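Once you scroll down, you'll see the structures, which are given as structure tokens.
Look for subunit A in each of the two complexes below; its partner is subunit B in the first and subunit C in the second.
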Partner chain A sequence: MKSSELFTLTYGALVTQLCKDYENDEDVNKQLDKMGYNIGVRLIEDFLARSNVGRCHDFRETADVIAKVAFKMYLGITPSITNWSPAGDEFSLILENNPLVDFVELPDNHSSLIYSNLLCGVLRGALEMVQMAVDVKFVQDTLKGDGVTEIRMRFIKRIEDNLPAGEE
Partner chain B sequence: MAIFSVYVVNKAGGLIYQLDNYAPRAEGEKTFSYPLDLLLKLHDERVLVAFGQRDGIRVGHAVLSINGVDVNGKYTAEGKEVLEYLGNPANYPVSIRFGRPRLTSNEKLMLASMFHSLFAIGSQLSPEQGSSGIEMLETDTFKLHCFQTLTGIKFVVLADPRQGGIDSLLRKIYEIYSDFALKNPFYSLEMPIRCELFDQNLKLALEVAEKAGTFGPGS
Partner chain C sequence: PALGESFSFLHSSFISSFWGGGRNSLTVLEGMGFRVGQGLAERLPRGALAFREELDTIKFLCRDLWGAVFRKQTDNLRTNHQGTYVLQDNNFPLLTQMAWGQQYLEETPKFLAFTCGLLRGTLSALGIESSVTASVASLPACKFQVVIQKA
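Up next, the complex of A and B:
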């Protein structure tokens, strides 16, 4: 069983180095999102190759697969899905614990830093590769004093160009 | 060798990886004396046998090497024209190796993008929506198996018609791609795959699949 401490330390080292390099929280957030995106576009293939899930036909299926299969596979947690919008195009993932932030406390001078923003990029990149454009953002963060960590995912549109054959 | 080739095609139809895994038969080197009893002709930058057949050399076979040195299209390794060289009695006796002409990389690129288009046509012809696309193309000498991922990458394997277990081989190749190509940070998506580990692991997977599947005589 691999230790998750190295993972937490590595992520922490990454964020603190970005803070030193960029000096302002907004830029760090953007970089984390970009890095997450690069991970997401690669991770999706690993996910599809190993989990054998088929194409999701609506956003609810997508939410289920993300929370119950993907998060479980890669972070060992199963967030719950809540707060569906009436049109079924937005939902929230509630994470009770977030392995990325074990042992982390945000200092006052980094109050607008979205520490786990990498995850937003990962989700965005991964879904883009299966032709879904989404907007992902943190709306609650235990690091900022909230009770739970909440990620809000919004479906923007289906990406119609470069569809794989048979998917029209 | 029951699995002949593997092709990986990216979303735009470009060939990003190709592996040939077969040793063609009937490629003996033979010594000839003047005059050559085979009629040769130039076609598509290669020297082919136009007429005459003996000892396993057939019409359509190309000149692959002269005196042990591989030819370069229609020129010998030294840059002389093959037809001219073989027309000169002073160069005989000469030892020539004939064989089925291999596809050049450009030809493979074109074939891959053509297959990509055919695949798209196949899905459009489908009476039902959401067709999987071409999964298999069958001929008497080989079967082409194709698997398209949800992200649009195609893995294509050409194998002996009697070879089984190709479906799981295709899934295995997908895993190998997601590991050794994608997890290599220096590999850029959609570009040709030039990762040693990918090559090695793919060859291993082919060996395993060949042993596990069914063979027939003459493979």
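Up next, the complex of A and C:
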């Protein structure tokens, strides 16, 4: 028995259950994002403890760490990094294969479902814990017939710690 | 190995998300485990399913299913040779996130429901109907009781 199959089947069971619980795809997408976010805020501690990566100095370093360390550690794949914006605040992760969807087919009546949306929440939650506000979304998906799966990440701003009033 | 950690994070997120509200959360969690167990068993190569005896099937759960899901084997297996089996895990990975000791015992069913379903689903796909319950005497050790339903 393979643990990769376990993971794919478990994720599939999650999506199936959410599709039962929520009327429309948009709500499922939101719930996946929210669950992902809650995973991300805890996963970052595990990641920092096990990976020994230091503080990233810019968004390019962050991209490298995400693709080459984090994805490898948690999903066993290394996406490639492409399509940097001129300002260096946006890039794409290209996933040749996606362990979440290994043997999945999207059912006909769920065309708006972003099947792997959990991943976007995980990335958003994890990066928020290291003071980065980002926007993450799927722009291509092999489940929908695209050639590759592409995740677009955009840096919004650094999150400053808020000091309570009265502290200098 | 990577995906083993990820399964753990995914499982924890189920506990938070599917808990509470007016629905029978334990049934939902058990049902999800059941579907995953069926799926895992269905994907086994044909040769793997030729068990001579019921006990061999249960041993398969203790070794191979536990190995794939928890990267270890169960610590003990007991049976009355009349269709009841008790699988014991002294250090159940999905419970080790909880505090050691007795005070959180009432919380444990939601951490065990998915795995009960997993066992029941795997057996079902192997042609064996059962009921599976779990109990915790002292964290993080637990027992899964499998009762085979006779036709």
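Methods note: the second predicted complex is superposed on the first by the 159 of 168 C-alpha atoms of A that agree within 3 Å, B and C clash if a C-alpha of one lies under 4 Å from a C-alpha of the other, contacts with A are read in each partner's own complex, and residues count from 1 in each chain.
We adopt the following convention: contacts are C-beta pairs under 8 Å (C-beta built on N, C-alpha and C of every residue); 3 or more make two chains touch, one makes a residue touch a chain.
Just so it is clear, the model here is predicted, and its values are computed rather than measured.
**Student:** If you stack the two complexes on chain A, which partner ends up touching A:6: first (subunit B), second (subunit C), both, or neither?
**Tutor:** It touches subunit C, and subunit B stays clear.
**Student:** Looking at A:42 after the superposition, I want to know if it touches subunit B, subunit C, both of them or none. Which is it: first, second, both, neither?
**Tutor:** After superposition on chain A, A:42 lies in contact with both partners, subunit B and subunit C.
**Student:** A:76 in the overlay: touching subunit B, subunit C, both, or neither? Say first, second, both or neither.
**Tutor:** It touches subunit C, and subunit B stays clear.
**Student:** Look at the residues of subunit A and decide whether subunit B or subunit C touches more of them.
**Tutor:** Greater contact footprint in residues on subunit A: C.
**Student:** State whether A:55 touches subunit B only (first), subunit C only (second), both chains, or neither.
**Tutor:** In the superposition, A:55 contacts subunit B only.
**Student:** Would you check which partner chain A:129 touches, where first means subunit B only, second means subunit C only, and both and neither mean what they say?
**Tutor:** First partner only.
**Student:** With the two complexes superposed on chain A, say which partner A:84 touches: subunit B (first), subunit C (second), both, or neither.
**Tutor:** Touch partners of A:84: none, neither subunit B nor subunit C.
**Student:** Taking the stated contact definition, name every residue in subunit A that is touched by subunit B in one complex and by subunit C in the other, in rising order.
**Tutor:** Touching subunit B and subunit C on subunit A: residues 42, 46.
**Student:** Sort out for me which residues of subunit B touch subunit A in the complex.
**Tutor:** 11-12, 119-120, 122-124, 126, 129-133, 148-153, 171, 174-175, 177-179, 182-183, 189
**Student:** Quick check on the complex: what are the subunit A residues that touch subunit B?
**Tutor:** Spelled out, the residues of subunit A in touch with subunit B are 41-42, 44-46, 48-50, 54-55, 129-130, 162-168.
**Student:** So in the complex, the part of subunit A that touches subunit C is made up of which residues?
**Tutor:** Residues in contact with subunit C: 1-7, 9-14, 16-17, 31, 35, 38-39, 42-43, 46, 72-76, 99.
**Student:** Using the touch definition from the top, list the residues of subunit C that touch subunit A in their complex.
**Tutor:** Contact set of subunit C toward subunit A: 1-7, 9-14, 16-18, 28, 31-33, 35-36, 39-40, 43-44, 64-65, 67-69, 71.
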